[in-house]
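Presented below are the structures under discussion, each in the form of structure tokens.
After this come two complexes, each holding chain A, first together with chain B and then together with chain C.
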Partner chain A sequence: MARITLNDVRKSYAGNQVIHGITTQIADGEFVVIVGPSGCGKSTLLRMVAGLEAISAGTVEIGGKVVNDLEPRQRDIAMVFQNYALYPHMSVRENMAYGLKIARLPKAEIEARVAKAATMLELQPYLDRKPRALSGGQRQRVAMGRALVREPAALLLDEPLSNLDAKLRVQMRLQIKEMHLRTGQTTLYVTHDQVEAMTLADRLIVMNKGVAEQIATPLEVYERPASEFVAGFIGSPAMNIVPVQAAKGHVTLPGGVELRLPAAPRTGALRLGLRPEHLRAAEPGEPAIPVLLRSVERLGADAFGYGMIEGSDEPLVLRLPGTSGLGRGDRVEVVPDPAHLHFFDPQDGRRIGD
Partner chain B sequence: MAEPSPLAARGAGRLVAHFWMILGVIVVAFPVYYVFVASTHSVQTILRPPLPLLPGPEAAANYGQAFEGGVRRIGGVSLWRLLANTTVVALGIALGKIAISMASAYAIVFFRFPLRMACFWLIFITLMLPVEVRIQPTYKVMVDLGLIDTYPGLILPLIASATATLLFRQFFMTIPDELLEAARVDGAGPWRFFKDILWPLSLTNVAAIFVIQFIYGWTQYLWPLLVTNSNEMNTIVIALKKMISFADADTPWNLVMVTSVLAILPPILVVVLMQRWFVKGLVETEK
Partner chain C sequence: MRRTVFPHKLLPWLLLAPQLAITLIFFYWPAGQAFRQSLLREDAFGLKSTFVGLANFRKVLGDPNYLNSVRVTAVFSVLVAFCAMAIALFLAVQAEKIIRGRGFYRTLMIWPYAVAPAIAGMLWLFMFNPSFGTLAWPLRQLGLYWNPLLDGEQAMTLVVAAATWKQISYNFLFFVAGLQAIPRSLLEAAAIDGASRRHAFWTIAFPLLAPTTFFLLVVNTVYALFDTFGIIHAVTGGGPGKATETLVYKVYNDGFVNLIMGDSAAQSVILMVIVIALTAFQFRFIERRVHYG
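Then we have the complex of A and B:
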């Protein structure tokens, strides 16, 4: 177990910077998820911590020791790869024991650790099988087991669930969470899936184009997204972002609707973020946003209405009750929850106010 | 049994297919069979046409005679010695090629060093320089090193192999990067990665290359002819050549045929014994 400290970590390929200085501390036993769209540099960052990718500038510390120039094996880390990367000619047992064998642990100790991990991951019946005789989910568990038996200072996972089907992914997500609670292992987890990110993380690093847009707890990221990018990335369906003109005490929406919103942090052009789940149906006579629905997706418990603000081309997504009888062409009036308003700067997309 | 292939011919098409196949087998196999038949008849029978199509009664006598000095009388060296020489040379070439080409392919694929691609292309262009092309300088080098009439002299010039290096390179490039990275994280250095992961995964390829190169080594003619003066160092192919170019005596054809059979046999055995591995290595990549 150990703390990981990233200090202005940068990466460039041939003068082209892809990671633009990331600084954060991961506490002992913390579960941190790096999340972002593909190509945002999240895997590169993880691989720099693992030692598989050279660090162009800045330092990475694991357990208080700068590891920039250390080989992966000297960093006391274990890693789970997206494609599992199991050794195809070795049995499950040999796969899990390989790292321990190289570390010259006593045979009895190796066996004990493999047995323990196999029990935890329900892999005992498969210990003598080759990876090719296993299902995707079993392979994934072997990859987890191979990392866990090492009892590393830090556990690194690179999109470990992305090759599983949806149902298995949910199961494994729960299992990973439980395993973390049990082992208290410092964990760095990369994913592009916001559900995995929200459910697993103690803390999130939301990345975009090589920059950490926000580093905070999942709830904080949801409630106070630091930028328009984060706001659009976390939450499903994504937050509505509407260009507005703010004046004293009220804002003007596209289509000329005026809303009394005393919370606007400044006047002039702004971008207003409204989550679909924070728009409620208007009481009769209340000033509201009129929306013309184009389509409604029914998911059972909920339904999502996709429409446009009346009198404009501005799209707006609403969350409706699952039993709602609304459909294409209907007109609804909604009111934003004043406690959940987000304002962003139209130039740089940063959050304004609190 | 395997399912019938969707291309399986029916009726007349099937007959035609079989006709050509059997014809092909006869064209390829009949001369070999005839050599075997000839090795079981006496010289007189062989020289009096037509040669019988079935094996004769002299098999034991011919083979016994060949091993007990018959070949030594005409070629100056025992059949045992010839077989031993050829085995050493063929094994040396096959194993040497595998060792060198695997090592160089490993370096080229998995390591980043200055002039890596230059090295690769240097190896590549040796494809255009087989022994026959560079025979004079190679001979000179062997003379200077005092390797005439030695096993190293027979083996070394034939070992450097661009073909095998390229084959191994192609195979190594299909190994997923993540496998190498997983091994690095597990603490394996370059040597352990090679020994524990790359070598076991390469076994079928090694087998295929071994078969090809063993036969290549076994059937070498020009280079052994040049680099050996003493009969004691002859390979079996050279000895055969010497046996039939005797002008002053009647050629003992029965013994020549026995020697031919014994020259053919080991490559066949290698192919038959390693056939499954061989085919696997050529068609399948197990990952």
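Then we have the complex of A and C:
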């Protein structure tokens, strides 16, 4: 158990900076998820904490000790790899015991720890099998078990569920969450999947192009995204971003619709973020956004309408009731919920106002 | 596996014919000749031969020179196969660590394989000949009485070194390829699990290299038994005395130098049996422990 402190951590390859100074603290027992699109540097950041990549500048502390110059084995961490990295020539038992044997733990202790992890992960029947005789989900659990038996100060997971099919992924996600509640392990988890990020994290680090765009709780990230990038990345379907002209007391949307929105933080060109779930059908006579639907996706409980603001080619996604009879070519009028408006600066994409 | 059915009965045989012809002419026919000759005894002028049954085999196996040759071959083969593989593996592991100029080093390492055995032998001879060898003089300055023309053990060391040197390239190539096939994440996982580099090599990389190592063991054994003739011929000629006369070299000596065809043929047949037995043994008992990933 330990906390992890990142202090202006940077990474460059041959003078080319790919991670631009990340600072945060991960509390003892906290579950932090680093989320971002592929190539944003999230795995690199994790590998720097693990000691698999050199840290170009800044410091990483684990348990109050700067570990920049320590080998991975001196950092008291365990890691689960995306491809699991199980030793193919060893049985499940040997895989899990490998690190413990190196640590010269007594034999009985190794046995006990492996048995405990195997029970928790329901791997008891497979202990003597080789990894290649296991299914993807079982391999993933062995990888988890191998990390957990070492009882490390911090647990690092690099996209551990991305090689599983959708159903298994949901199941393993719940299992990981449960395991964290049980062990209270300080955990750093990398994923590109926003659902995993939202459901698992105590706190999110949303990364884009080597920059931490926002570090906050999942709810905060959803409710007050710090930038247009975060707004578009977290939430499904993604938030609508519409260019608007703000004047005192109202904004003008593409297509010439004027909405009375007293909340606009400043006048001039702005970008307005509207989540599909925060657009409701207009009452008769109410000033509203007219939308021409191009297609409707029905998911059962909900349906999502994809259309354009009338008089422009600005796309807009709406959440409709699952029973909605609307379809292609229909015209709907919607009103944004004034409590859930997001304004972004058109130049740097940062959030403006509250 | 997919089976292709040819509409014509003759076509498959025609397609196989070139390979079969080569195998028949260059392998089965000489092997058959050797077998036939091993049962005959020729007179001194090669004019007529008589059938003698297994007498040639009895004579060869009772010959202390032949038994010496078996011992020499065993020592030579084990040393060459072990040294060539161990050194190649060491070099391959070192070459993996290089970041800049890796391709350059690898190319350099592979060159010796292109050198013909006899030329490699001459090279070593020029370096280590006691009277004109470039490196013989420094060796003597170091207080070593260096004379492989008189000292059997030194002669053996010299041919083992030359044969090893030549085979290292080949083994190196395969070990480099084998090491590259090991996923990096396995070694990273081992590093995180607390393994030192050395420990990770012996517990992860080396076991995963087993298929390569096994393949090379077979190839190197056959190499040491057969393909080293040129080196021995150029460096020591089997001497001094018979200290470096391997089985293959003795076959040549008895057959083409001493012209005792019957003995030579009998030795060829025995050698063939030894190689077949050895290879079968390797596949039967060692391959079982090999993990194909």
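Convention: the second predicted complex is superposed on the first by the 354 of 354 C-alpha atoms of A that agree within 3 Å, B and C clash if a C-alpha of one lies under 4 Å from a C-alpha of the other, contacts with A are read in each partner's own complex, and residues count from 1 in each chain.
Here, a contact is a pair of C-beta atoms (placed from the backbone, for glycine too) under 8 Å apart; a residue touches a chain by one contact, two chains touch by 3 or more.
Not measured: the values here are computed from a predicted model.
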item	value
Side-by-side fit of chain B and chain C on chain A, or clash	clash
Partner chain(s) touched by A:Y87 [first = chain B, second = chain C, both, neither]	both
First (chain B), second (chain C), both or neither touched by A:G99	both
First, second, both or neither for A:P243, with chain B first and chain C second	neither
First, second, both or neither for A:G232, with chain B first and chain C second	neither
First, second, both or neither for A:L52, with chain B first and chain C second	both
On chain A, the residue positions that both chain B and chain C contact, one per complex	50-52, 71-73, 77-79, 81, 83, 85-89, 98-99, 102-103, 146, 150
Contact footprint of chain B on chain A as seen in their complex	50-52, 71-73, 77-79, 81-83, 85-89, 98-99, 102-103, 146, 150
List of chain C residues in touch with chain A within their complex	183, 185-186, 188-196, 199, 203-204, 207-208, 210, 291, 293
Chain B to chain A touching residues, read off their complex	176, 178-179, 181-189, 192, 196-197, 200-201, 286-287
Touching residues (chain side chain A, partner chain C) in the complex	50-52, 71-73, 77-79, 81, 83, 85-89, 98-99, 102-103, 132, 146, 150
